[in-house]
Amino acid sequence: MNQENNQEVKSIWEKLLSIDRRIIFLFIAVAVAVPLFFKLSMRIPVTPVAQGTYQAIESLPAGSKVLASFDYDPGSMPELQPMAEAFFRHAFRNDLKVIIMGLWPQGPLQANIALEEVFQDEDIKAKSLQYGIDYVNLGFTAGNEVVIDRMGHSFEESYPKDGQGTPLSEIPLMRGVRNYDNVDLIFNLSAGYPGTQEWVQYAVDVFHVKLAAGNTAVQAPAMYPYVQTGQLSGVLGGMKGGAEYETLLGIPGRAVRYMFSQAVAHAVICMFIIIGNLAFFSIRKRKKTS
Amino acid sequence: MTGYEILRSTNREEGYEHIGGAAPGATYFSDSNTENKVKYFYRVRAISPWGTSESLPSNPVFSRVQWFDFSRLTLFALALIIACAIFYFISSAKTGKKLFIRKIAGLEAVDDAVGRATEMGRKIIYIPGIMDMDSMQTIAGVTILGRVAKLAAEYEAKLEVPVSKSLVMVTCRETVKEAYINAGRPDAYNDNMVYYLTDDQFGYAAALDGLFLRDKPAAVFLQGQFYAESLILAETANSVGAIQIAGTAMPSQLPFFVAACDYTLIGEELFAASAYLSKDPKLLGSLKGQDVGKFIFLLVILVGVLFLTLNSVLGLGLPDLATVF
Amino acid sequence: MRREVPLVLTAMVGLTMIIAHFIPPFNILKDLFEDWFFIIAAFAIYLGVLNLIRVNADKIYRKSRDWPFGIVVILGFLVITIPGLFFSGGRSFSDPGTSFYFLYIHVYYPLSATMFALLAFFVASASYRAFRARNVEATMLLAAAFILMLGRVPIGDWITAWLPEGYRMGNAADWIMDFPQTAGQRAIMIGIALGVVSSALRVILGLERAMGGD
């Protein structure tokens, strides 16, 4: 009887070890989707790197100019769009002036989508922000890091007009803004190339500007060396970074809400890893015994 | 104090214009919009919630062409040392001196992968990354493609190279054609072996996934610069049972390739591939030169860490190498 | 000449860019080359578009394998381009309210986000397959993965709430990110940077086969 049971148990472990990946996909789908129906708020501890980004913006006096480069596409929207909205809320709440640009074609569009969302807030509406005075969208320019390098000498060389075709000289916000010397901070949201790394290499290292960033979770670890050396004031990493930023602002938004979903998904992956290892060790033990 | 405004004029008494600002606590401002040999006067205006206060005009200053940027002297010296090391080892290799290069498992496995595809009668799919020819990783990927194409020609295996950029398509076609000619199989080459899909990252990934699922290749090579699509491609290829040899210098994508692929060329192993595969002394020499650079960095890091440790434990006033470099 | 001219051009441009970094008067040449790069980069976008249309039109004409998808590609291209170019009502094509913006939000964004979302599933299946404690190194990798996965979400701190503040899983995850992870990243970045320097020198010196060298 024992041997038969051992045979049954053995096959269960072997089945688990070679489980159809679609079963794993199903569990992940449920783990991500179901928590979205629950409005559970989790306490989000803030990391020093996220604090650095928040502080870089918070320390700017009213009227300071921030160059915001949106270098991502819709694929990275779930991670970076909450950061974009939180950034605009932070900037407008503190009466900062925002110069939007993009090294990715979709970037300036993503900025417009975030602005549309943020302009629904009552406190932002009350400020009656005006295009060209409080914010401007320069649009996209091809050229990757060459654009970053060129802007160090002159914004107008890379962006003679804004995204709507108005010459820079006719935009009140851009008067007196010649190059990086005339902006107080660069804020970059990046999902790949060109992105934060290029901003560090071509703007910070060459022109000594201050830079704070938000990256996807996959890319953020690669920015830690730059934070440690002071080349980057701080970096927000993925949805958690967005949640940390919203927590610091005191305006919990989508990122905080979605963290429950992410937490459950992580737990499910850990559960599968445990099951996989149990199966692996069980089979290895039986092979050694037999 | 909320900040400073920097004002400039070519006249000591009047005509000052705002050229920039500085945060509270800042002690310098760099003016990069000057004309050479023109005298400028500067004033600093301090701003606070209670009003402003201006400094007296500075003495006249003028800029002139700097023939050498001394702020980059350390970088210049380092670059010179590494370049000289590379040149030295290249000339040393040309004289016939043997240079030892350790085995790179991923490159050793190329022959096996191509052989497997031939035995199974299934395709080899080679993906040279999603970036353009201005990326060194793409160049490295195309170099390895030459080797794989030559083997595919010799073994009569089917090779397909779907690419994401038009310039890469042109280069890959030249490389594969040359490889087939060198293998003595020019008749087996066809321009349609290398074809363009789309520039869009996820459109490209979707097209490749469809290709893997329909054609079930025996071997998949992922060599070049990849981003988020790397795991999508690697997992899909794994699901159809293909042997996978990946190589990238993207630190963020390496963990995915290591987890999902059979062999992975990590970081600079990808750049070493052209030297490793060709065994060309000149290229092997450049690899050794690289090692000199690595040795210098290692030495500086060790000495720097030692200095910092001695400073904090014994209070010695040793220099902080981070400020020196 | 066919090989020599590109090699000479490559060497000239490469060396100019390096020298300009240290000798400022060379910036005039560097700016000129960058202007040319801007023009080439802008045209490369058109080259990609023309190539896409040509390849798919050819596929449809010859009725090659999967030729109906060629029609889908070209139709998709026209559906996005024509509204963007001609039906923006005088505004910028990317302004909210335009037809391009509508297609971007309701077609392109869901498609792109869906492909990216596949990563969540593939990460799970890859982790299940790869994270086995086969040996000491694999066990360390497994332990680090566990701590990071749980520590980066609030669950980690919840599980280790009984530990004093500063010693919970979130803090352990932060420590791993700040120290071993950053050290590893830095080491790989240094190696890669040297690899790029060496490869770039090979291209400039005309030693790299893929770029027309020996």
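All chains are identified by letter, namely A, B and C, in their written order; residue positions are counted from 1 within each chain.
Criterion: contacts are C-beta pairs under 8 Å (C-beta built on N, C-alpha and C of every residue); 3 or more make two chains touch, one makes a residue touch a chain.
This is a predicted model, so every value here is computed, not measured.
Student: When you take the mean of every protein CA atom shown, which chain's own CA mean is nearest to it?
Tutor: Per-chain C-alpha centroids ranked by distance to the global centroid put C first.
Student: Report the chain whose CA-based centre is farthest from the CA-based centre of chain C.
Tutor: Farthest chain from chain C, going by C-alpha centroids: A.
Student: I'd like the Å distance between the centres of chain A and chain B, where a centre is the mean of that chain's Cα atoms.
Tutor: The answer is 23 Å.
Student: Between chain B and chain C, what distance separates the C-alpha centroids? Give it in angstrom.
Tutor: Using C-alpha averages as centres, the distance is 12 Å.
Student: Could you work out how far the Cα centre of chain A sits from that of chain C, in whole Å?
Tutor: The computed centroid separation for chain A versus chain C comes out at 15 Å.
Student: Identify all positions of chain A at which a residue touches two or more other chains, and write them in rising order.
Tutor: 21, 73, 75-76, 221-222, in rising order.
Student: Residue numbers in chain C touching 2 or more other chains?
Tutor: 44, 112, 115-116, 123, 125, 127, 129, 131, 185, 189
Student: Could you tell me which residues belong to chain B and also touch two or more other chains?
Tutor: Each of 202, 228, 251 in chain B touches at least two other chains.
Student: Enumerate the contact residues on chain C facing chain A in the complex.
Tutor: 34, 37-38, 41-42, 44-45, 91-92, 94-96, 101, 104-105, 108-110, 112-113, 115-117, 120-121, 123-125, 127-129, 131-134, 142, 145-146, 149-150, 152-155, 157, 170, 174, 177-178, 181-182, 185-186, 189
Student: Can you check the complex and tell me which residues of chain B touch chain A?
Tutor: Residue positions touching the partner: 2-3, 18-21, 23-24, 29-33, 47, 131, 201-202, 225, 227-228, 239, 251-253, 322.
Student: Touching residues of chain B toward chain C in the complex: what are they?
Tutor: Counting only chain B, the residues touching chain C are 65-69, 72, 75-76, 79, 82-83, 86, 90, 132, 136, 139-140, 142-143, 146, 165-167, 169, 171, 175, 195-196, 198-199, 202, 205-206, 228-229, 231-232, 234-236, 238, 249, 251, 254, 256, 258-260, 266-268, 270-272, 274, 278, 280, 282-283, 286-287, 289-290, 293-294, 297.
Student: Would you tell me which residues of chain A are touching chain C in their complex?
Tutor: So the residues of chain A in touch with chain C come to 19, 21, 24-25, 27-29, 32, 42-45, 47-48, 73-78, 106, 108-109, 112-113, 116, 139, 142-144, 146, 149-150, 163-165, 221-222, 224-225, 228, 240, 259, 262-263, 265-270, 272-273, 276-277, 280-281.
Student: Mind pulling up the chain C residues that touch chain B in the complex?
Tutor: That would be residues 18, 21-25, 44, 47-48, 51-52, 55, 73, 111-112, 115-116, 118-119, 122-123, 125-127, 129-131, 185, 188-192, 194-203, 207-211, 214 of chain C.
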